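One chain, chain A, appears in both complexes that follow, with chain B as partner in the first and chain C in the second.
Right, the complex of A and B next:
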């Protein structure tokens, strides 16, 4: 059995505040993610889960602790494209067509022909063949997030980091996108870390749900999701789903209370 | 049906506006002022313009002279302004070094520089181009600077998360995001550049539209004066239209985003 794809050891992020104690965003996070595992992180608003993902992706350095990918420690100097990042909002480049957006991570890393083949393949995978030449503003929010996903998948990353990718979508579109992500994950079997504040979304999609504490964030608890794949929306009425949702909700409620109540969110 | 009537009304609005303005001008000139040394009818101006364009053809040297210094000044301002603006956005050191001079030069009325520049460089082409350049360079520089500074942090992070090299980050993210701002700067520069042309040609030139207007004003030749002013206006409009074409070519993605 191979080691974990990603391992976080005592990862901490704090930002200095002039003249005072530094502001600790998350503290001593330990997490290990196996090959092909879909892990969700849920937690109260402001618990540092998004910052954690950004630190893992190297967009900001950790204050202390280590990040290992396939057993090799990642340092700031590392410039290999090993992670795909799916951003929350409008992160598609408005001056690039769908195809060109998906090509962003491929240009210069593959021959033009291979890159375009890969980009078309992933556009097809997310169901947007025929929209190659559309600009982002010509597409709906759901379609934009499909392209966002295709762009991250196209570089064939070792791990896919998803930062609340469906947060800006309306409830119906969001549900459809969850089902689409289930399908796409089933076809690609990528290792995924998925950030969300929506518990049902985390359970529906994941093999394991991590609950973050309030700030400074740390891993409070984790739950394997005992539901077989491939999944459909039907599992939402499965008693194990409902029970897990309740347990996780109780914990988040406790965290919010400990943070000073929901009025402070 | 109703919508198409509305469309026709909208497309007619511009010609109606121009026409009614000219009618008002004509009425004012022939019935209110009624003094050819103060105001002449647009019909007189049009007749004069026709004569200068197609009969005597003596407008062309002035038009060429003015267009040429305008074009050179604009191009020089773009070539200098855009890179300096970018450098200021990307390097705090450059920004702090250039800023005091930029602010001082930008806020000083350019007309104050004109005599000095003409004194140093004479009344030849170089001096005039420099005066136009001084007018154009700051809006271009400032817009390039802000354009690059306000590039959405999210776009920069997208570039970084895809591990773009510094060069790629500039070419694929920062530069395309700045293009609309640079073009807005160029558009501002058109007006200021034409003012620069007029100023430069007022000070001891022997040809050009500015000279023509100055000369016509001195000799109370109102038809020629108005022809000169009108040609300046047309040059400005042409400059804007040209920039619009460039904008559509440079950023086709924006076309549909603009508020009509």
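Right, the complex of A and C next:
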């Protein structure tokens, strides 16, 4: 087995504050993600999970530390499209149809024909064939998130970064989307980093759950999820699931208390 | 089959015309005050037959189209850079503010001194009015872009050209069209004022000619033509807006 797909070494992000100590968002994050692994990061609000993902994707530079992809260090000058980012809001372009939204990352990288084939393939994968020519405003929130996912997958990234993609969905749609993501992951076997607030979501989807501390965020602990795949909602009543959920919740509770208590959330 | 709304509108217009015809014939002896629709129509027919209508209508339309289209190009170009680069915005701001605040009536005499009474001066008037409106709106659209779209652009590693043409400009399109719509209305006024002041052709010239010869049917015809032109251009812009920004039909953002 080759080395990890993604490795973060002592990654730190701080933002300068005029005349004061810089504001540290996360500090010395070390994390390595294996090929085909589904890793979730959970943690109290404002612990820097989302910022971490943005730094990994190169949307903002780290203050210090290194990011390795397939053993090669990524620098700011690196401009290859190697990661797919699934945004929290679907962030679809309203002037483009579903198909054209999925095509966005492929345009100029593949021939028009190949690009369209790929886009149609991924729309089909997320269950939206037949909606190619719909505009985002004509689709429900769940469908918009499916397109968001298809757009990130379509560029065939080495790693998929998902930033609380289901946070804005209602509980029912959210559960369906989790099951869909399980299916899609099973079919694509992508390496995924998934950010969420919801512990049960993290356990249901992941091979490994990382718990982040309160700010400045760092890896507090990590738990392998000992549940076989393919999974269904039934595993939520498995005692191992319930126990893990409790353990993770205890830790997050401690972190929230250390950060100043629930009232500070 | 005509829609119910359109049918009611047409009935209303015809009823209004009929009433106007009857009242003017019954109550007024002098056509100078308010000519009945029949004599307005007759004048329209005569103007058409002598080729005068064509000449003046085309002159105004030509001035309008030339000024408007160059204003679109220049306005979008400058507006884009003003929206992208703060320093350029700062450099342009005092000039645009000055241009914007000069009333068109005060502006026209200079343009006529510099460019004569021909079509060029009118094209410039239309250009000035429209370009400023489009420029300011384009700049606002470029500045107000949703930051998540820029993140998306970065995440998908779009190159600068794609970033401009696939993200920023389409995002600013609703603003650009708003600028065009504002520009059309004002430019219409501008071109007529310029033609009223000094011209040898155009609807404004026709208006002045009719007014100086106390020819009220001709005056009416000109006003109707102006109304038609205004309505036509607004409809065109609206159609263009629906074509260019179909998501705006139901989505408010």
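Here is the rule we use: the second predicted complex is superposed on the first by the 264 of 265 C-alpha atoms of A that agree within 3 Å, B and C clash if a C-alpha of one lies under 4 Å from a C-alpha of the other, contacts with A are read in each partner's own complex, and residues count from 1 in each chain.
Assume a contact is a pair of C-beta atoms (placed from the backbone, for glycine too) under 8 Å apart; a residue touches a chain by one contact, two chains touch by 3 or more.
Keep in mind the model is a prediction, meaning the values are calculated, not measured.
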| item | value |
| --- | --- |
| Fit or clash - chain C, chain B, common chain A | clash |
| Which superposed partner A:156 touches (first chain B, second chain C, both, neither) | neither |
| Chain B versus chain C as contact partner of A:188, first or second or both or neither | neither |
| Touching partner for A:108 - first (chain B), second (chain C), both, neither | both |
| Contacts of A:173 with chain B and chain C, given as first, second, both or neither | neither |
| Shared chain A surface residues [contacts with chain B and with chain C] | 54, 57-59, 79-81, 83, 85, 87, 89, 91, 93-95, 104-105, 107-108, 135, 137-138, 155 |
| Chain C partner contacts - residues on chain A that touch it in the complex | 54, 57-59, 79-81, 83, 85, 87, 89, 91, 93-95, 104-105, 107-108, 135-138, 155 |
| Chain B-touching residues of chain A, taken from the complex the two chains share | 54, 57-59, 79-81, 83, 85, 87, 89-91, 93-96, 104-105, 107-108, 135, 137-138, 155 |
| Contacting residues of chain C [partner chain A, same complex] | 146, 148-149, 151-152, 154-159, 162, 166-167, 170-171, 173, 245-247, 250-251, 253 |
| Chain B - residues contacting chain A, complex | 154-155, 157-165, 168, 172-173, 176-177, 179, 251, 253-254, 256-257 |
